[in-house]
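Shared between the two complexes below is chain A, which pairs with chain B and chain C, respectively.
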Partner chain A sequence: MSAPIAAPPQRSPWLHAWRDPVANLKAFSPCMRLVDLNGDGDYKLIVADAERRLKVYRNTSLISENVLLDTPVSMCVTYTETSKPRVPSVAVASGPHVFIYRRLRPYYKFSVPPTPLAQAEANVWTKLHSGAMDIAEAVDALVAARDGGTLLTTRSVDLINTEALDERTALVDAWRGAPLTHQTVITCMEVIRKNMDEEDALSQLVLGTEAGSVLVLDVTGVTIVNRFQLPSTPVYLAITGLYDVEYRLVCACRNGSIYTIKNGELSGTVVELEAQPCGLARIDKHILVACMGAVVHAYHIKGKKSHSLFMPAPVAAIEVLSLERMRSVKALLVSLHNGEVRLYVDKSIIATIHLDDPAVGMRFGAYGREEAALAMVGKAGTLVIKMLQRTANLESSGAPPGPPPEQDIPLAIPKKTRLYVEQTQREREQATEMHRIFQRDLCKLRLNTARAYVKVLTDGQGAQSYTVGQSVRLTAGVQGLGPLFKLRLNLQNLGNKPVVDLEMTFSANTMLYKLHTHVLQLPLLLPSVTYRCDCDVESIDEAGASDMVRVYVCTPTSKVPVISAVVTMPLSEVIMDG
Partner chain B sequence: MAPTGPATAARSNGPRERVNWLIHVNYVQQNYDHCLALIEEQLKMHNGLCEYPIYIKALIKRQRGEIQDSLQLFQAATCLNPNNINNLKQVGRSLYLLGKHKAALDVYKEAMRLNEEDWEVWHNQGLCQMYLKQYEKAIDCFKQANAIQQHDVTYIQLGKVYTLQEDFRAAIEVYLEALDFSPDNPEMLTTVGLLYLRLGENYRAFDFLGNSLTHDPKNPKTILAAGSIIQDHSDMDVALVKYRVAAVATPNSAQLWNNIGMCFFGKQRYVAAIACLKRALYLDPFEWIISYNLGLVHLNTGQYASAFHFFSSSINLKPDFPSSYMYLAITLSRLDDFDNACSAYEKAIEMEDDHLFELNFAITLYNNDEVEKAAEHFAKFEQLYAKLDDEAKSSDPEVAEQRQALAALLPAR
Partner chain C sequence: MGLFSGLFGKLGVSKKKVKVLCVGLDNSGKSSIINQLKPKKTAATELVPTVGFAVEEFAKNNLNFTVFDMSGQGRYRSLWEHYYKDVTGIMFVVDSTDKIRMCVAKDELDTLLAHADVRNVPILFLANKMDLPLAMTPVDCVAVMELDRITDKPWHISATNAMTGDGLDEALTWLADQMSRSIRY
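Right after this comes the complex of A and B.
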């Protein structure tokens, strides 16, 4: 037996470092960072847990846990000073605020300013509160403003959508005195380095808000230095370049489009996706965007599509693997909902990790003293850390991937029995004879069938009769429990000419049944009208035995009945004497 | 409910859009249950007056097949914010899915007033027109969509319209253009392959199918198409290996088992062939080609009585395939039913002029001592045979052999 030719087993470039199945973390990629928290070269994993906890992991243990004020949206690490040692600040965005922590202590809070109001709307409310405008007029003015393209505040939306006047009045009164503001919230946050491309260089926060604006803060995180307005709410940001030199902000938005901001200007190239984006990354000149349809598209930075990677399951998270070793390597990590984490270099897949708990959050970076580690948080809260082997070969071989493993599963060919084989032998020897016998029997069968059919048609025992030149149909039923029964007979002429001169007779065992009518003269049967006739039958047997009653429909011209029916009578209830 | 609710709620919990990001993240992560719970909480807190949660709820409902509900929700979202083109687009999409294509087109016209340069609006209009059988309009719409921005789906649909019009060349052109733009979309590669197959250009078809398989080696449709071409080139073992992959994905595909059966037939493993074909017949009893193939295998194994049954059921299912009649005739002649064999041959010849029909008829006639008529049909065979090109002549050596034998036996005319 020859052994199947198998491809040499691919060694996984990943080393398993640590797994905590009961870490009970709830975080997506934006809320995970690998960072040198104390500036001593010992990298830690910080996770802003959705349960309002800021957790810090070092090696294989949780070393600190701080309470957060609100559910975190995103967490970033910034360097705000040039002093040594390089100690970063941790910025946690939640609601309209960014909370900045230094050495894990609350340090400063930045709040996103309210969105400026539309003048028309502000006027309406001023007039409404001052009494210069009544509610109906205000609603009309607000609807007009809305239809004119103004984005209204929730307060106006509420007013427009409240129907009853007293409720509207109550709403207006409730808001009297409260300033009309349109507070927005943060939806995503990233950092951009100011003027040096080093990991611990000065960096600035970039915020995306629900109102569709992108804000760039200064290094200290106190003032807004730049503001861009997008047509939709940004949900993912990918940033390259240096703020003082040249930069690009790539923003994936909720309307399924990707916008680019280049050196302070919103560029005209827009990528419109087929499905909602669920992850965004940048590798060199490519924008990589994962979409809900289990596909990762790669677009050139100018907006032209370069290629697509089709996945076997929906994408849960994507992350860039970037390494500066002998030569710089950049690869894409894609986590899928079926538990796979795939590593792609360009278009070819290099390695796959299989997890029990699909990773919804992923960060690649330095951890502990290891410079290339991958931290993953699973859907069920598992924390897994893998390390990239130092000798791992991340060159794409360029060769097409080998055959799928299914190719080695043999086909389940149905088995045939020995009896079958013997019978085929017999057939081979006597095929002609078998065929003749079969044909003869088939002929006989057909003949018998035809005969039986003709008989049914002519002797009036079928449900339909064709003998009077017209087809007549008879159905019979029995009603009653006994001893008195009623036979219900329905007659229908299915032809297209009326039928005359028909009689109906009944016959039964006179020892058992007494018939109240013996002959019924049938009326003219018009086509397709159903006639009903009844006949009373009395059971006279003391034990209530049952028998059949025959019904015949006859014409004076033939001795064969036109049609007949046999009614099987049910057992009769017995009359108790006395 | 107290009307002061919204004001106090808004002040104490921050702005109304506070959890929109969380709803979005859960939606794109496909945690639909959790997402719906969040949305319900929001709707309750704000008396149902929040646009984005309603929008996402409608998307989830639609994904779950509750299209009517989703339509109502999208309409509610549109009422809250009539200037959001996304709401309108989704109203149109739900109408389209409900089969109300005309109504959907009206909604898209409305959406066009908000933004003319939206590929999705054009694309979806094209879909509606396609279902309304307005193919020319559909083509215009798809082209317009592509002019705004190129998308795989638009190309696929455009190709589909051309295929519906049976303009396969134009369809292939569209797909080739699409492949320039998105070179390794396995779905498109397969479609192009199948179109070439339909046009009879097997080599090109195989190129594309093979290419598709390198990207998506597990697609049963591609495997079946590629396998059938491999089989046509008598490379049965390779085809069988390919079919193994498909058998895991679609173990109940009649076509697959039919092809597997014919692979075994090609390898002359008749029992396995019959077993596989019978499974195929069990899975799809009304597929004529399975009966036809079973007939062929039984004819080869000398089980003429069975072969007769399979050929006759194949003819009952598809009466317009001339070769079935010829094989039925051969079977009948082996069963010594000369009269019926002759009428079957005549039926086949009446339907199509084929040299094989004439040759086989001549052989049968000669075997039954009808030398005169045999010579007549042999002459017709010679006429048809002379018209064939060399490749067709040399493809089956048995034909040449029989020709020589008959020529020697029959008197020259």
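Right after this comes the complex of A and C.
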């Protein structure tokens, strides 16, 4: 017999480079980038912190910290010029603006143009300010417009959500005279390369807005070159291809659907998810989307579902591990809320990192002079950097999930012996007989069981007992004519071991008899010695009626009495008065 | 000339030849160190990242060194193992300012030490770039790379500066001493 061969414990492909538990970063994946900031081959980590700071890490230290004007939503790195050295621009999206920094200095600001106003809403506000409509009517009209599908301005939303009349009046007065605009905000931002598939090739920004539009800017980030309208607000973008050649924008939206824009057209393929998306990635022909139900679904770009990866905890972030220079590997990194960071190649898990602080932001790329580094920002602000071993085996174990190879190895079954053959022959010929014997034995077994059961029920009811390993005999007699009687009880231990801890109790009808003792603590009963105990019983009934007195001998370990006896009392003589 | 060299060879005066492998991560200063060791007139003025490997020869400490200057770039690191077999000494250069990649250097060293072809040769660790402000001391390098685990080979660590040559002579003297011992027997 061959035992299944256990796989040797594999070394983790991750090398621990650095951990800063007090980095105090607040950032998710869109606000982290690994970038060659000076074009000198030394990659740095830029983090747009939610505390409005643009932080740059090099090696193991924070080298610069700039103040941001607003809370960042997303940060991207673009190359806007072809000159050498290749110095990128850092684009930080916050609110409706994209702030572009060059060499970490503010350089340019792009603002998303305001959305055209809905006519109904504009009318309401004109009437409200002119006094033709009071506030309650205006709110009703606005609610009706909202329910009718109009996307309201923040001003209208504020008015509807304010409850008190005086506060509403104050709001309306504060806005009097200010023009009504519908300013949307940026929800996500990514970069598409223009015409060369290289890391430092010219690139353009792609913005997703709250109003459900996707905007593609030109290389300089000044004008909008293309605009798409989606049915819902995009929250994650995954981009492949080149803008001038062929491209595909995959947008995960807040309505739980994934839309695809292919070469300037919104494609008809829509993936409808079972839960809200919480992460989006592209690996080759697959769209990988992490959903809130602790699962990562893989869809083919044409919209057909390929497979699902089920996680033990909710997903915090996903990221693609992509190695191109040395070897071509693409894998998926999934960070979970239980602190695990899992590495998947296709459907099989390759490695797991356990972190004290679950990573909510993750970027894989070059850091320092190392090509394969993973930067992670934890929920509590920890910054961890891991590096991938050069010789790490990232091949999926190959074996597709299915029956193990041991299944095909025949078992070592011994040859049929003569004894075995004879036994089978006998079984074949005398089957009836064997069955009858079996049935008879079964009946006997049932009978024995029933007897044992009856014994359990009747134990302790007689004058002699064998329960709980003790065998004690009790004999009882009555002396006297009445009204005073004496119960004489003889106890004898019939076993061969002393018995301890026995108690004797008496029970009688208290209307007829008065017992002088109710409980007797019995001494140690030595084998075959007779012990005598007495109990005085007085008849208190005037007519001298007789009844029974019950005697029980009990142990504290069993609910069933060891022995019991019933003493029938004789009729009592009545005391003659006078 | 041939007569003289043959004569010196017989008398044991001529310098012995040793082969040394120089490894380390990219940008740690391997080529700079070797450049510094070469005679002034043959030294290059400007260095570019080594591609594949380079072979340099120079005389030092009464030995003729043949140094295989391996490229430290990730894609060429797999070439190192082909030279383990026939070298008499190994120089492992560490960039002591590159704290973040100490784990990578340690991993490469572990791979080197675990390789079957690495014989009982002396290993010289050079904690290079000691002049830079954030450089780790050799003691720190020993701790981070867990060099104290190496018990089966003679090893030595020195802080060096490949730009000025500080610390190199002392380090090379140790290596030459170790190698000449092993050659003699």
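To be clear about the criterion, the second predicted complex is superposed on the first by the 332 of 578 C-alpha atoms of A that agree within 3 Å, B and C clash if a C-alpha of one lies under 4 Å from a C-alpha of the other, contacts with A are read in each partner's own complex, and residues count from 1 in each chain.
Note that a residue touches a chain if its C-beta (ideal position, glycine included) is under 8 Å from a C-beta of that chain, and two chains touch if they have at least 3 such contacts.
Nothing here was measured: the structure is a model prediction, and the numbers come from that model.
**Q** Is A:Pro314 in contact with chain B, with chain C, with both, or with neither (first, second, both, neither)?
**A** So A:Pro314 only meets chain B here.
**Q** For A:Thr391, decide between first (touching chain B), second (touching chain C), both and neither.
**A** second
**Q** Applying the touch criterion given at the start, work out whether A:Arg369 contacts chain B, chain C, both or neither, answering first, second, both or neither.
**A** So A:Arg369 only meets chain C here.
**Q** Output check: A:Arg488 vs chain B and chain C. Expected answer is one of first, second, both, neither. What do you get?
**A** Neither chain B nor chain C is touched by A:Arg488.
**Q** Quick one: classify A:Asn59 as touching chain B (first), chain C (second), both or neither.
**A** second
**Q** Using the touch definition from the top, say if A:Gln407 reaches chain B (first), chain C (second), both or neither.
**A** In the superposition, A:Gln407 touches chain B alone.
**Q** Can you tell me which positions in chain A touch chain C when the two form their complex?
**A** 15-18, 59-61, 325-326, 367-371, 385, 387, 389-391
**Q** Per the contact definition, I'd like the list of chain A residues that touch chain B in the complex.
**A** Of all residues in chain A, those touching chain B are 28, 71, 73, 95-96, 146-147, 149, 151, 154-155, 157-158, 161-162, 167, 170-171, 174-175, 178, 182-188, 210, 233, 235, 254-256, 270-272, 274, 276-278, 292, 305, 307-308, 310, 314, 316, 337, 347, 360, 400-401, 403-404, 406-416, 421, 424, 427-428, 431-432, 434-436, 438.
**Q** Can you name the residues of chain C that touch chain A in the complex?
**A** On the chain C side, the touching residues are 25-27, 74-75, 77, 97-104, 106-108, 111, 134.
**Q** Hey, which residues of chain B end up touching chain A in the complex?
**A** Result: residues 3-4, 6-8, 10-11, 14-18, 20-22, 24-25, 27-30, 46-47, 49, 79-83, 86, 118-120, 148-153, 181-186, 214-218, 240-245, 247-249, 251, 260, 264, 271-272, 274-276, 278-279, 301-306, 308, 334-337 of chain B touch chain A.
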